[in-house]
Amino acid sequence: MAGSSFGTVFRVTTWGESHGPGLGAVLDGVPAGLPLTEEMIQRQLDRRRPGQSRYATKRKESDQVHILSGVFEGRTTGTSLSLAIWNEDQHSRDYANVQDTYRPGHADFTYDQKYGFRDYRGGGRSSGRETAARVAAGAVAEEILKSIGVQVTAYTRSIGPVESPVTDLAEAQNNPLCMPDAKAAAEAAAFLETRMAERDSAGGVIECVVTGLPTGIGDPVFEKLDARLGKAIFSIGAVKGVEIGDGFAVSSSRGSADNDGFRPEGSAIVPSSNHAGGILGGISDAAPIILRAAIKPTPSIFQPQATVHRDGTPTELVLRGRHDPVIVPRAVVVVESMTAITLVDSLFLNMSARMDRFEAFYHQN
Amino acid sequence: MAGSSFGTVFRVTTWGESHGPGLGAVLDGVPAGLPLTEEMIQRQLDRRRPGQSRYATKRKESDQVHILSGVFEGRTTGTSLSLAIWNEDQHSRDYANVQDTYRPGHADFTYDQKYGFRDYRGGGRSSGRETAARVAAGAVAEEILKSIGVQVTAYTRSIGPVESPVTDLAEAQNNPLCMPDAKAAAEAAAFLETRMAERDSAGGVIECVVTGLPTGIGDPVFEKLDARLGKAIFSIGAVKGVEIGDGFAVSSSRGSADNDGFRPEGSAIVPSSNHAGGILGGISDAAPIILRAAIKPTPSIFQPQATVHRDGTPTELVLRGRHDPVIVPRAVVVVESMTAITLVDSLFLNMSARMDRFEAFYHQN
Amino acid sequence: MAGSSFGTVFRVTTWGESHGPGLGAVLDGVPAGLPLTEEMIQRQLDRRRPGQSRYATKRKESDQVHILSGVFEGRTTGTSLSLAIWNEDQHSRDYANVQDTYRPGHADFTYDQKYGFRDYRGGGRSSGRETAARVAAGAVAEEILKSIGVQVTAYTRSIGPVESPVTDLAEAQNNPLCMPDAKAAAEAAAFLETRMAERDSAGGVIECVVTGLPTGIGDPVFEKLDARLGKAIFSIGAVKGVEIGDGFAVSSSRGSADNDGFRPEGSAIVPSSNHAGGILGGISDAAPIILRAAIKPTPSIFQPQATVHRDGTPTELVLRGRHDPVIVPRAVVVVESMTAITLVDSLFLNMSARMDRFEAFYHQN
Amino acid sequence: MAGSSFGTVFRVTTWGESHGPGLGAVLDGVPAGLPLTEEMIQRQLDRRRPGQSRYATKRKESDQVHILSGVFEGRTTGTSLSLAIWNEDQHSRDYANVQDTYRPGHADFTYDQKYGFRDYRGGGRSSGRETAARVAAGAVAEEILKSIGVQVTAYTRSIGPVESPVTDLAEAQNNPLCMPDAKAAAEAAAFLETRMAERDSAGGVIECVVTGLPTGIGDPVFEKLDARLGKAIFSIGAVKGVEIGDGFAVSSSRGSADNDGFRPEGSAIVPSSNHAGGILGGISDAAPIILRAAIKPTPSIFQPQATVHRDGTPTELVLRGRHDPVIVPRAVVVVESMTAITLVDSLFLNMSARMDRFEAFYHQN
C-alpha cells in the first residue's frame, strides 16, 4: 500500500534506504514563485546530520541536498519538486549477525512478517535515516510558512529524568542536546555519559511551538488540526505518545481550570490562557500551538539481548557498530519538519472554506 | 475542505448536527456478504446513548439506527452503506445566551473564525453528538473484524484521580463509568458526586486493547499503524493526548528495559514483553495493541465563566441545560469504534503487500 | 473499495439503490455562506425526473430533495451537506425473470462476478436512478460556479442519426429531447417513434459547454482538467466515449489546422480559435470548454435476447416494465452536474498554486 | 495542488522537466517479492526513446533507467521504488524566440496564466519528455500484471487518414510507426513524408487491448474501470478523445445491436460479442478490454504561426529545432503504461470486495 506519501494538496512522497544509493523526497503542490536554494534546505538538514557530537552516530554523511526538479531561475515553478541526498558512508560491513536475527525494538521482525523478507542492511527503509527526506521537505514547508509569518520551533524538553525549562529558545541551537536551557543541557549530557557507560540508552520528550498561525486552520470531524498533527508526529519512528496543550494532565484537571476563557486584544479576540494548546474543536484559535512527543530510548544497545533467529530458535544478540545513545536531539528537527508540512497542507485546504473569500479570490485574480 | 471522511479503502463519511434532522454515516468499501442488521449496530449505539445514568446528559434520544442502503436480504452488497439516526429531542430552547457569546472550551470561537458564522444550536457540527455516526460505522467495522478473530475492547482507565486496575473486562459493561473494576467504579462515582456538587467537571483516560490482529498490519513511513490510530483517536473531540504501549513513560525508560525481546511460541514468534503496545516500526507484531487517550474535562460547567461576546466585549457566561459532568464513559465506545474503523482499513490495505499472496488470490478466485 | 466518492477538496459521496428506501449525497467541502434552498436543487432534479415525456420511463417519482445537514438559516455552514431523495414508486413486482438471468448490456453479470450476489431489484446500485444523487450534488456545484460567473450548459447533440445544430441553447430546455434546435428535436422524436415501434432503443451524443471559467484551472501531469473531466463523464453509466474540443477529429487533422493561435482581447490574451476545447496542457485557457459524451442505446429493449442463467444455462430473456427508449435526454443534466462538480473541485485546488496569491490571501484575511 | 501522483494503493508520483537534470518516478505500493531489474524497465523505455526513426525527434537520449530504492537482492521490498532517468542532451540553445512568445498548441500560455511564469526550456514540465517516467512506472506495472496472466498491448490504429487493420500484433514492434500491419505502416510512412514536406504534422489513433484480466475488476459509481482508464489516458498530453469498446459508434447504434449477450464457455460465462469493450457497469466482464485514444497532430510545426508575445503584442512565430512530425508512435507505449498502472491499482483495490475472500486471505496467511 502507498504509505510513503503525506498530505492532501501539499504532498510529500519519500523514498530511500539506509544503505542504498540515497534518499529523497518529491514535493507536490508547492506554490509557484517561492525563492528556493539548496542552501535553504541544507540549513535544516545540517541540524539532523550524523557525526556532529559524541551523542550521535559516527556515520560520516555530508547529507548534501540536490534539487532535481521544480525550481527554475531560483524560484519554484509550481510543479513537482524533487530533492535527493546521496548516501556516502555505506559501510561494507558484515551484517551476518542481524541478517537472520531479530533485533529487539527494531522493525526486523515486523517487516519480515509483512513482506516475507527485508533489506537487512542498517534497517533498510525502517532506518531513522529515512527522516532526512522529511527534513528536506520540511525545510521547504518552513519557507512557505515564514512568508506569512508562521514560525515553527522544536526543542528537547527532557532526556531521561532531566527536564529542561524553556529559558531561551536560541540556546536550543547551541548545545548538542537541543535543550532551551544551558544548565539542563549540561545535566543531560552528564546523565548520558552514565547511560553510555552502562552500555544503555535513554529516551526523552520533544516539544514544538507554533506562533503566528492564522485562526481557523484545521477542519471539523476527521481532519481536525490536532488529528493531522497527531498522525504526522506518530509517523516518526520511536514516537510512543503525543500531547497537545496540557495533554495527559487534562485527565486529572477540572473544567473550571482547563477551560480557556476569551478576552479582547486590540480588535481581535484571543484565549486568556492556553491549556488547549492553540486548537479548539480541531481548529486553530489565536494561541500558540503546543505539542509534545515522547521518544523511546534508542533500541540499539551494546548489551547482550535475548531474541530469536528467523527460524524461531532463541539466541542472544550483541550489536556492534555506530548508534546514538539517545534519538531525541536528532529527532527535534524531524518533529519540527512534520509539523511544518502538516501546517502548510492545512493552510492550503482552508483557502476554500468560505464563499466570500472564494469569490474575492477569483474576482481579483 | 473535505474533512468528514476517514479511511482509504474502507471509508466512513459522516454528516449531521446536534439540532438538525439527524446524523448519519456513509460507509464505502464494506465487503459484500457481511451479515448485517440494524440490531447489530444498535448494540454499540446503545453504549453511548444519552440519558442512561446520572453522569450523562438527560437528553432523550433513542438513537435508533436505520439502514438506508447497501444491505440486501440481510447481507451487505459491497456498495455504499448508508446509516441514519434521526434526532428526536431537539429542545426548542432559547440559545440567546450562547448565540453571540463564546463558550470556553468549545469550538464556537474557532468555527466563527473559520466560517464567518455558525450553527449555534447545541454546538452544531462540533457537538459530541457527531460521534453517534462514528459509533454506527464502528459497529460495522467490528463485525468485519470479528469474522477473522480480531477483538477490540475499550474501557475507562481513570476518571480524575481515580485509576482503575484492569480486573475484569466484562465488568466495564456493567457499571455506568465503564471501568473494568467494580471498586474503582464506585470510587469514581463518589468522586464525580463531589465534582458535580462543585458545579465542575472531570477528565480521564480511556484505554483500548486489540487482540487477534494478524502480524504485518500497518505500513512504513507515513501510514504506520500507530500514526493512523493516532489520527483516528485525536479526531475525537476532547482528546488531548494519545499513547501507544508504554507511551510517555518511555521517555524516562532505558533501552534495556524498553526493548521487547522475542521468543518462539509454537511455530510462531512473539514478543516476550509488550512495552511497544503491539506495534514495531509502524507494523503490528504479535502482541496485543494497547492505546490510551487523555480526555479533557467537560467544558460545559455550571459556574460563571469569563469570556467575550462575538464583538469582543468581555462578559460572563452562565450555562444552563443538560451536560455530562464527565465525557469519558460515553467516549469509550467512540474510541473503540475509531480503532476498529482504522484496523479494517489497514487490514484491507495490507492485502496487496506481497506478490505471492497477490498471485495466490487471483489464481484461486 | 471506496468508489462512491468523487473529488479531492470538494467531495461528493453518494448512496442508494433503485428500490431501497432512497438515495442521497453527502457533499463535503462546500464553502460556508452559500445561500441554499431545496428549491434551488429541485430545479435541476426536475430536469432528470422520470415520467415527464413518452421517451422516459413511466416510473412515478417526485424526486423531492431534502437537506438533512449543512445548512443553517438559509446558508451553508461549511460542514458536510447531506441530501436525500426518498424512493416512492418501488413496484413490488416480480423480479423472477431477472433474478437469476443476466440482462445483456446491464451490470448483472459483473456485479455477481465481483460481489458473489446482487440486489437484483431494478439494477440496485447500478441503476441509472443512482444519478439523481449526482444531480442534487451538481446543483450545489452550479450555485458555487455562478457566484464567480461560470456557466455550465449541457444539451443533446444527437440522437441516433439525427444531429442537432446548436441554434438556441434556451430551446434545449423546451423540448423533451433537450436539443438546442426545435426542428432537429422534432426529427429526433419521429426517429424515436420508429425505434419504439421496432421494440428497440437508440443512443446519442451529449455536449457540454462551460463559459466564464478563469484561466489557469487544472493541474499538470495526472490532474489535468481534461483528465478529471474524462473520469467524471466516463463514470456515468452508458458513456462509451468522451471528447474534448475537436476530439477524435484531431486524428485526421494537421498541426497547421489544429493549433489555436493567440490574439489580444482588451488587456487579455485569448485563443483565436478553439480546436482544443478550452484546455491546453491540462489547464484552462480563455476559450469555452467543450466536451462531448457518447451514450449507448438503452440496453433494456422489448425484444427477446439470448443470454444465460446464473448457472450458465443458455436462455432467452424477455423484459417487461418501464424503460426509456433513449437515455440521452435524462443524462444531459447528469453530464452537466458531473462537469460542474469537477470544476468546483479544480477551482478550489487552484487556490494554492501561487505564492503571491497565498500570501495575499492570508495577509488580507 | 498535488497533480503528479496517480493511483490509490498502487501510486505513481513523477518529477522532472525536459531540460533539468533528469526525470523520475516514485512507485509506492509495489508488492514485495517481484523480481525486478533495470533491464526489465529499459525494454519499455526503449520503445519511446527519441532518435530512433526519421519520424521522431533527433534528440539524443539513452534514457537509461536507474533504480534508486525499493529493490534488494533482485526483488522489490514492498517499500517505495524510486526510478530515475538522467537527461543527457540538454541543448544549450537559444530560447529567446519562445521565452516570451506563446507557442500555439503548447502549454506556454496556460502555465504562465496559472503560475505567473514558466520554465520555458523545451516545455519544462509540460514536455512530452515527462512521459518517460510514466513508461518506467508502467514497465513495473506490466511485470505485476504478467504474474497473473494479464497482457496489455497498445499499437497505432491510424495516422492521419491511414487506418491500420489489426493483422499481426507482433508486427507493431517491427515498424517505426507501431502499426499491426506492415502494408499500412508503409502507407503511413509515405503519408508522413508528404506532411513533412509540407512542414506540417499529423495525428492518429492508438488502440490498447487487455487480455486475461479477471472479471469483477473496477468499482461502481465513480471508480468505474472505464472512468479510471479514461482519466489515465486523458492525462497524456495530446489526447483529445477516449473510447471504450465501440465508443462513439454506439451513439448511432441500437440496443439490439449494441447489447452483448452471454454464453457459457466451459464452466465460465462470457459475453457472446464485445461491443462494450470488456467493461459493464464499470466492472470487467470476461471479454478483452479495448480502448482507443485520439492523438492530436504535433503542435510544433515549421510554418510561421500567428500568436502573441507575453505582453499581448501580436507576432509571428517560426519554430526551429527537433520535433516529431507525429506523436502517435512514441505515445503508444505511454498509453500501454497508463493502462497497466490503472489495472494494477484496480486489481489491488478489488481484493477487499468480498467477505469470503477477505476471511480466506487472513485465515490462510
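Residue numbering begins at 1 within each chain, and the chains themselves are lettered A, B, C and D in the order written.
What we mean here is this: a residue touches a chain if its C-beta (ideal position, glycine included) is under 8 Å from a C-beta of that chain, and two chains touch if they have at least 3 such contacts.
Bear in mind the structure is a predicted one, so any value in this text is a computation, not a measurement.
Visitor: Please indicate which chain is farthest from chain A, where distance is taken between mean Cα coordinates of the chains.
Guide: Relative to chain A, the chain whose C-alpha centre sits farthest away is C.
Visitor: State the pair with the higher C-beta contact count; candidates are B-C and A-C.
Guide: If we tally the C-beta pairs in contact for B-C and A-C, the bigger total goes to B-C.
Visitor: Centroid from C-alpha atoms only, then distance chain A to chain C, rounded to Å. What do you get?
Guide: The separation of the two C-alpha centroids amounts to 44 Å.
Visitor: How many angstrom between the C-alpha centroids of chain D and chain C?
Guide: Whole-Å distance between the two chain centres: 26.
Visitor: Can you work out the whole-Å distance between the CA centroids of chain B and chain C?
Guide: Their C-alpha centroids are separated by 37 Å.
Visitor: Which parts of chain A, given as residue numbers and ranges, touch two or more other chains?
Guide: Those would be 1-5, 8-10, 14, 29, 32-33, 78-80, 111, 114-116, 125, 220-221, 349, 352-354, 356.
Visitor: With touch defined as at the start, can you tell me which chain C residues reach chain A in the complex?
Guide: Chain C residues touching chain A: 8-10, 29, 31-34, 76, 78-80, 144, 147-148, 214, 220-221, 347-349, 351-359, 361-363, 365.
Visitor: If you look only at chain D, which of its residues touch chain C in the complex?
Guide: Chain D reaches chain C through residues 1-6, 8, 14, 102, 104-107, 109-111, 113-116, 125-126, 130, 158, 160-161, 195, 198, 200-205, 215-224, 226-235, 237, 239-264, 267-269, 272, 276-277, 280-285, 294-301, 303, 305-308, 312-314, 349-350, 352-354, 356.
Visitor: How about chain D: which of its residues touch chain A in the complex?
Guide: That would be residues 1-5, 7-11, 13-17, 20-24, 26, 28-29, 32-33, 66, 68-70, 72, 75, 77-82, 84, 114-119, 121, 124-125 of chain D.
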